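Lettered A, B, C and D in written order, each chain numbered from 1.
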Amino acid sequence: MDQIKKFFTEQDQFAQHSGIELLKVDAGKAWAKLEIQPWHLNGAGTVHGGATFTLADFAFAVAANSHGTLAMGINTSTSFVNPATSGTLFAAAEEISLNNKLGSYQVRITDQDGRLIAQFQGTAYRKSNAILA
Amino acid sequence: MDQIKKFFTEQDQFAQHSGIELLKVDAGKAWAKLEIQPWHLNGAGTVHGGATFTLADFAFAVAANSHGTLAMGINTSTSFVNPATSGTLFAAAEEISLNNKLGSYQVRITDQDGRLIAQFQGTAYRKSNAILA
Amino acid sequence: MDQIKKFFTEQDQFAQHSGIELLKVDAGKAWAKLEIQPWHLNGAGTVHGGATFTLADFAFAVAANSHGTLAMGINTSTSFVNPATSGTLFAAAEEISLNNKLGSYQVRITDQDGRLIAQFQGTAYRKSNAILA
Amino acid sequence: MDQIKKFFTEQDQFAQHSGIELLKVDAGKAWAKLEIQPWHLNGAGTVHGGATFTLADFAFAVAANSHGTLAMGINTSTSFVNPATSGTLFAAAEEISLNNKLGSYQVRITDQDGRLIAQFQGTAYRKSNAILA
């Protein structure tokens, strides 16, 4: 898990560019956070759906790749249930199903008070390649 | 439409931060692009789902707000069908349904060769507020 | 809750036609079941996605209408993670978010052994009409 | 295509039970219809989301299996944009992407006047088995 965490922390450039920090990785699980900055906002002054999604998608990717073989996201569905404007967003990803070829994950995005901001569901296709050389 | 375009170009900070450019707005439609940079990539060396999604979500938001009243994205679903690694991504958003309270939009993300990269479906909830003061 | 249960049990004709039984209703929650019959199967000999979906959608509708005002499903997303061929399917719907106009629900479909068959996410738009006259 | 059409018409029991008729199959495409009966309705007197979904899911399955190898639906997302109460619903499924392992499809559900009732997006996982013995 340390190697997976190191890999994603160092190699996921868009997550870095978006200010996302990987907190923890377990088998089929991942936790990440994003401290909201003014540049995360949209024209309505709330956190951009793209920033919230990127946080969820990153936690999903880490959880899906935590088994050591390459997994690619093929489908995601996101419900945005509450707007956020400041503070910190947290992502908690967990595996709900896994077989040789496919994995399904759910990610909850909450704010610093535990309020649900968005709920994300993602499906990954698993290749046979190892993620780490 | 000029005012809507100006508003989103100037006020959507996360779209700016992600290198997205708004190309055109029509009633219920929007077009945008993203020139792929190394910092748009994920650990697998392909464009991050979060970057592709942000491009789609931005085009969706502009199309949904093109009628002049505030619309908030409540649900999105995205199929990632081909990876992209370099070049330019284009988003084309179109309205598939509209009533007083809800609008549904579809966004196609293609690369510079017209190859489909992702297909996005979004639902927006329409408030009564004007988007521009 | 008794009236809501009675209403859905008696008035939802397609749920009846599909062999679905409403087990219990609470505020924002619902449980239902479907005993798999040969006519629930598709050409591959597994339970049809439409039958699994109808079970989930019914539980979603009951949970969304459990507050007494009319709620209409506007978006659903379903991951089908394991096939089912015989036995009983159970749906458990729970509310993950609620405001005046919108409610979000998650439904887990499991078989008689507790194995996850499908996971469903639904958004409902809430009208001001009472569901019961 | 004649064999695929015959197979789905005869073997998909839940589609039959739901009153769905397969109209036409092409490579990556399918068309089906459902004549609305009182038993397709929900408690609100409109066509049940499960009936509309079953029609869309059936057209998706036929289109995904039209290449002759077994394809299983793994993810679907549906926007319900207009209610229907009587008349005929039509489904038109088309492939938006295809590779060895995955196919993506879009299905439009319209009524007899061409009004959009629902839009469906589905992803199928392709096995190596032939669908017809």
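Criterion: contacts are C-beta pairs under 8 Å (C-beta built on N, C-alpha and C of every residue); 3 or more make two chains touch, one makes a residue touch a chain.
Please read these numbers as outputs of a predicted model, since none were measured by experiment.
If I average the CA coordinates per chain, which chain comes out farthest from chain C?
When every chain centre is compared against chain C, the largest gap points to B.
Go ahead and note the Å separation of the Cα centroids belonging to chain B and chain D.
A distance of 28 Å separates the two centres.
Using CA atom averages as chain centres, what separation in Å is found between chain A and chain B?
20
Where the centres are mean C-alpha positions, what is the separation of chain A from chain D, in Å?
Going by mean C-alpha positions, chain A sits 32 Å from chain D.
Of all the residues in chain C, which ones touch at least 2 other chains?
Residues 74-75, 77, 79, 81, 102, 123 of chain C touch two or more partner chains.
In graph terms, nodes being chains and edges touches, is this line, ring, star, complete or other?
It is complete, because no pair of chains fails to touch.
So in the complex, which bits of chain C are touching chain A?
Contacts found on chain C: 75, 77, 79, 81-82, 96-97, 102, 104, 106, 116, 119, 121, 123.
Tell me, which parts of chain A touch chain B in their complex?
Residues 7-8, 11-18, 38-44, 47-51, 53-55, 57-58, 61, 65, 70, 72-81, 83, 131.
Of all residues in chain B, which touch chain C in the complex?
Within the complex, chain B touches chain C at residues 74-75, 77, 101-102, 123, 125.
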